[in-house]
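Sending over a structure as structure tokens; questions will come in a sec.
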């Protein structure tokens, strides 16, 4: 039954407001076992002149980009080996950890590490999950990997999960787990 | 600057309301780049007699348990090998997938699978993340494993991540990824 | 989907608040074809010290009595011939019109008028409807009459409808229509 | 003093919103003895993109037609003997009961019944009352009948009351009481 | 932390709404020691068709003029000796009291009184304060006077304070205190 | 017609809430020419557990003392020559300016200055006005002085006005204007 009223400054797009409505709905469902139908979200938009903090009118901050879309675009660029475009999506202090690596800071390190492991790899996504973590949006993608081993034989159906942190519209961290070693060992 | 008013039925505990306030705050921060300080959440509680849907008063549904606490308790029971207590926390249709396994449905299967892999394993948690997914609360735990190989030698610092789904207060799915095979292979 | 917030002074009973919630729900349904389930009413109660008009705190006026209950009690008293108790429920300027009468002002007139028409009459109610009219609550009761003609023969199943106006907890007008003449004539 | 906030989807006309405001005002006055002046109704309109239930945006249902206007139009058509237009305003399962009739289902039955009773009849309305009943809007019209008896003599000033039920913009029931038999018998 | 929602009829200008927002913010700070940043004011504007009192839609009253701007204009006109324009800003029943005078009702009286006191005087404003008093807006101006004594010698730096009452956009009272006599006496 | 909803933390006394309601009402009247009756203030109180900023529950700050009462008490103490109690009501950096003085910082300076001016003085108050200024509450008191000149002759009816600034419950500034020199000179 909960009814959520969100008072926001005017200036967000319909898509951004849908994202907000759905995030608020999920927040309620995280605690209250209401059926979806019973959770109402109503957005009150205020033009700047109808909103004041400390007696000063305020302008809305631009919405944050959708971290899920942003991560999927990054993964697409990586799979297409459009490395400079992918690089541009990374924030200051970016780090990534893959199975058996320490913290890598550049895509070049990643390419070098992957070289002896597989000729190429493509991802099939089973699910993508995004939510707000402490100080960063978090995106999980999971599914299966297909590709070719260095010897040219094919593989497929290897489980993976990636975790990304997104701050201010930039990817600042990637952590990867998968069953490649498990499969190779078998 | 967003101000969130949440209208809920009376009957939730202070802890449950804190969880709700924080989930709503995170929902806002997922879309609007407001500083924490600038996001206000105000809960309006209605005793049943002050709330009606379709002209009928309604009683509040009990809050859902905190899925993070629930998953951590399950993991504690598993590590302590209190299997029947752990089993009681699993919901109908429970499935789990570990590296190299298909879908397992019972803890006995898990124990049998783990036998040749390690004598025992303990987890050190780097982080736990919980949020509402589609139709289930989702909990991610990640960190490092320590333990002994079947030959009695020790290992430690092996990365893992677990993903849990929690529905109606029961764990209904667990997916596990880790670097055990990577480390053993090296 | 409509959500109604009613801000009222503290001091109304649960029953009075239920009446208000249902009246508000009906008001919405009078205009918006929402299913019952989708109309939410939330009452905000303010203790006098949290409410001010023109800078002055205000006390709540006592709720009006339920006009439906009040009219049914009046009809019960009339049927039981407890005339003085019935009389006490009538307001200043009370008038009643029955088939073929002009405006009558006292119950004695009514008794006199009824004398040659029937020995006694009892009412079976099919429905009672109450709502707020212009300046008065209006109650309609309808159903069938049974009783005995002056010659002692019985009758039953004669349609009637009564309309009452209630102001400040007193009945101020009654209008009656029925098929007694129709039936007698046949 | 009550203040009513009604949160509705955008799309209702000014006339429909006036009807809603007045129905809500009457609902309050049904329970709280506030002077008219002291009852405030404020409508919050939400464009579809600012309203979500279960995370889904919703479109407003078209408002229900004003049942009072609808019934008066039907009565006008009947008096003008525009029967097919009147017929078009009746809903499935329509029934009507007049003095001395059982349930009639067609206007033809009504015309046949009225034939031996009067040559024609016109209505003068003293009042029309409309409100939301259980599952239907209810309209009462009352006043006096004038016309000619079958023998051509005139009559006038005969009290009547009609009760109508309106569902989904169609009249589904009419009940009529009047003093015709009373007058004829006298 | 206070959040103020002000529900007003549509039709006020941005400047008028800023004045309202700031007055509401000051009202909060008069009682609650919140930092400016923590006081939020949100204005809900209702077009006439979305607002009803007693079931009647209402039009907004035009905003009152800013009394501070109005008083400063009056003082400017007086200093420029544009007496008829200044006179036009005075309301019915205007009275003024200067040091040593009784109640004066016309600007001519004032000019006559000032004649033997100084050749001319100009004001330097240290501060202007405006707020709503009982039944009138009140404006205080204070600062220092400069000018010439009747003998042509100059003076400056003499403290003054003026108090004005403004009703319905007209100045209805002025009270003046200053140190002219103190300075002359010394 | 304006309706003001003030959302505040629970913990303010009835008197403090009355002060807040009245200050908000005055703020509205400063801009909107609504009759007193038509300005409604409704306070929503939130216990700490129902209010969060940045996901953290907050406790209410104690209300500021009524600056009017505080200044009147200070004036009473001064008139009664209870100097140490009066001194205790002054804040850091306190300054006062009287006719013909520069900035004085201590009550001793004031006493010394007044010595040759009058034997004693008492105040009759015509009005006290208090409102929130920039960073301080401001209190104006005005009326007439009575007392004895140094030569023992009595005086009365001399106009005065005092302006006080109050910060954090302490008086930090006093400015005084009066007609003593005007009267003495005449």
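Brief remarks on what is shown
Going by the order they are written in, the chains are A, B, C, D, E and F; count residues from 1 in each one.
Definition applied: a contact is a pair of C-beta atoms (placed from the backbone, for glycine too) under 8 Å apart; a residue touches a chain by one contact, two chains touch by 3 or more.
Everything numeric in this text was worked out from a predicted model, so none of it was measured.
Shared contact partners of subunit E and subunit F are B, D.
Annotation of subunit B and subunit F: jointly contacted by C, E, touch as defined at the top.
Each chain gets a centre from the mean of its Cα atoms; the one farthest from the centre of subunit A is C. The pair from A-E, A-B or B-F that reproduces the interface of E-F, where over half of the contact pairs by residue number are the same, turns out to be A-B. Remark: subunit B and subunit E have CA centroids separated by 62 Å (rounded to whole angstrom). Distance between subunit B and subunit C, defined via averaged C-alpha coordinates, is recorded as 57 Å.
In subunit D, the residues that touch at least two other chains are 1, 3, 7, 26, 38, 40, 42, 44, 51, 53.
Chain pairs that touch, as defined above: A-B, A-C, A-D, A-E, B-C, B-E, B-F, C-D, C-F, D-E, D-F, E-F. Considering their complex, residues 14, 17-18, 21-22, 25-26, 35-45 of subunit A touch subunit D. Subunit A contributes residues 1-9, 12, 16, 19-20, 23-24, 26-34, 38, 51, 53, 58, 60-64, 67, 97, 99-100, 129-133, 137-138, 140, 142, 159-161, 163, 168, 175, 177-186 to its touches with subunit B in the complex.
In the complex of the two chains, the subunit F residues touching subunit B come out as 7, 44, 46, 49-55, 57. For subunit A in complex with subunit C, the residues that touch the partner chain are 1, 3, 40, 42.
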